[in-house]
Amino acid sequence: MTFSTHDCSKPPRASSRQLANALAHTGRAFHARGWVLGTSGNFSAVLQREPLLLLITASGLDKATLNAQHFLEIDAACNVLRGPLQPSAEALLHLAVARVCGAGAILHTHSVWGTLLSDLHASEGGLAISGYEMLKGLEGVRTHEHNEWLPIVENSQDIPALAASIEAVLLSHPDSHGFLLRAHGLYTWGEDVARARRHVEILEFLLEVLGRRERREVG
Amino acid sequence: MTFSTHDCSKPPRASSRQLANALAHTGRAFHARGWVLGTSGNFSAVLQREPLLLLITASGLDKATLNAQHFLEIDAACNVLRGPLQPSAEALLHLAVARVCGAGAILHTHSVWGTLLSDLHASEGGLAISGYEMLKGLEGVRTHEHNEWLPIVENSQDIPALAASIEAVLLSHPDSHGFLLRAHGLYTWGEDVARARRHVEILEFLLEVLGRRERREVG
Amino acid sequence: MTFSTHDCSKPPRASSRQLANALAHTGRAFHARGWVLGTSGNFSAVLQREPLLLLITASGLDKATLNAQHFLEIDAACNVLRGPLQPSAEALLHLAVARVCGAGAILHTHSVWGTLLSDLHASEGGLAISGYEMLKGLEGVRTHEHNEWLPIVENSQDIPALAASIEAVLLSHPDSHGFLLRAHGLYTWGEDVARARRHVEILEFLLEVLGRRERREVG
Amino acid sequence: MTFSTHDCSKPPRASSRQLANALAHTGRAFHARGWVLGTSGNFSAVLQREPLLLLITASGLDKATLNAQHFLEIDAACNVLRGPLQPSAEALLHLAVARVCGAGAILHTHSVWGTLLSDLHASEGGLAISGYEMLKGLEGVRTHEHNEWLPIVENSQDIPALAASIEAVLLSHPDSHGFLLRAHGLYTWGEDVARARRHVEILEFLLEVLGRRERREVG
């Protein structure tokens, strides 16, 4: 596996409608894999960097039928600028990732393995992943010998406080490509929707590998 | 994940044909996931509350090809009011749920994890589920710290007796969002088909998490 | 789950083309589930009982693209009466099942769980399955308390000898709804394609339940 | 399962466009099964034997949307003869397999079980697989008693060195139908795309069987 390098400072160029379609398509595919069941998960893309403008899924939608109408636009303070719907409650977390990581698209999934491992390893503060070729699917990684640290953040319903915790974790782990919320799920991102989706597929794959491996070794 | 609150006393408004289509679509999706294999499972929706009128799958159908013609209408005494087919043998259980819980739609699945866990935990009378963000997909639940009790009812072929057991369990656990029949499967419900489907996805997800977790900890 | 009774002595009524389409559709669905990967598996239906005429998949086909042209007709001695292709090498096994069980359709799958359990339990001569509601998906079974015995036959490349072993097993277990070939796969059947398909779904489901259960209890 | 014999010295006859379509279709199907997530995996077919001309996937593509435009043509020295894209970094490995095994098509997948088993058994230098009927899906294998040796090659980012290791392994194991790269994935091949695809399905199936089996026995 190899990936070309690219300039992370470039603004996204796709139109709002194209981004919504790309996110909706991604959401339906993730639902088919069981990664966003029961209206879980939410997806966003940066429409404009300065001042920050984010396209994000509305709250409480069945991802099996997600389409471009299910997105709305919010500013950096989480005000809805466009769209009749409520943003996802976790919009503040997306804004934190967009701000700190400079991401162009942010995807959040709830898989079985992510739920399990984020709980079982919470006391260690994260998961170390190394030695797998699939790591090269993470932006900028050139070798399977890469050490990826996937931080685990304690879950909370106090979303502003959670956003602050996440911001601190992102700042202290600038090389991480994602993070887990404990017993909750995965956040990852990329320069655009395709790269963020690639990161979801890579990290969910590696979580399943770790999950199956450890039961073998423990059991 | 967040969900809006709503008034549970409202009668369902969708037409019988629309409800049948929504249930059929749900059934085909569940079959694809392996939750209603081999003609197992059955689905219903309340057409009228007073007196109770229920739309329900006919008996013995392959859920892969379920469509609106495969439903019939029954009254509170399980008499067929409309449709040339036989109702599911478990129609009495659906009627009990509709009556006691005021549900608008009731869905019954047979998954591998539901079958396994309902048998392995039968002696405890139920499964306790707590700490998972996905719990917030259950109606009215606002935090992952919620304690969900999923009662397990001993299976029986005496359907009237089973309906009575279930009614007693539902009355003594008014906060539960579903129940398991031992070595049989899951019943859950919601105000409408979409909400009931969300509950199936949430509970089946959590059953898989518990099933995989427990083998790790035991093994 | 309930199923109506029916007269097993009735000859199948569907035309050869309809049967081929039904078998092909079933085969594609099984491939999607991973039950007939790599050209494994074969499917047949009885066209005429006296003298026996069987419609069966040709040898070595990718089941992802199976269609009605991929079937041929053979007589009781395995002579090809119609179709330019070679019958499956296991045609003799299908003929044995058609003859002994009076089946109208016979389906053979190679699942992961069937492969594993048929090997791990070979020394016991079969698998006992009891207590599961899903057992009621087997023709004539009325209660989850039913005891199903799924015989395991030692695998062999001497197909006439294997057919004789299977015939003996079928005669000594007239109540079984299927059998396993060791480290190979499942054979089951029914009065027609739909009922045989239901049996595959039920038995593959139960094999997965047993496989997952046993690792938990052993491990 | 049976497969007809055929003359391995025949050159492939399909046109470049037909081969690209067949490989793209295969890639999309593998992505659906989770075998080439996150842009992992690459696929090739021999266009001409003397001098060697290979059609191969471009680098870094999402396999969910793979199509005929995503392929390019390279010669034996890995020069791009046609197509505006970069070849996969592992093109040298495909060329080695094409040269040493005389393969007409070469497929590389990254499955969870392949990743796990290739790491856990690396110190043994390979995986022994025997006793399974599914082995007969491998070209030339006539009995489940066949002993397949699936060599495991240490992973490396030095692709020319890796190609040399693989060439040595292929020459010393001329009867093997594939090999694993440690913590990376599977390579297999066949006379044409359909046969190579059959080999992927067979070997991925057997890896899952071995992976599930061994956890049971160890655990």
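Should a chain be cited, it is by its letter among A, B, C and D, assigned in written order, with residues numbered from 1 in that chain.
Everything that follows uses one rule, which is that a residue touches a chain if its C-beta (ideal position, glycine included) is under 8 Å from a C-beta of that chain, and two chains touch if they have at least 3 such contacts.
Predicted, not measured: the structure shown is a model, and the values here were computed from it.
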If a chain touches chain C and chain D alike, it appears here: none
Cα superposition angle of chain B on its copy chain C, in degrees to the nearest 5: 90
Chain D against chain A, contact positions shared by both copies (same if over half, else different): different
Farthest chain relative to chain A (centres taken as mean CA coordinates): C
Inter-chain centre distance, chain A versus chain B - centres from mean C-alpha coordinates, in Å: 31
Geometric centre distance via CA averages, chain D-chain B, whole Å: 44
Overlap residues in chain A, where contacts from two or more other chains coincide: 215, 219
Graph class of chain-chain contacts, one of line, ring, star, complete, other: ring
Pairwise chain contacts, counting only pairs that touch as defined: A-B, A-D, B-C, C-D
Chain A partner contacts - residues on chain D that touch it in the complex: 34, 37-40, 59-60, 62, 64, 86, 88-90, 110, 112, 115-116, 119-120, 155, 157, 181, 183-185, 211, 214-215, 218-219
Complex contact set, residues of chain C against chain B: 1-4, 29, 33, 131-134, 137, 142-144, 194, 197-199, 201-202, 204-205, 208-209, 212-213, 215-216, 219
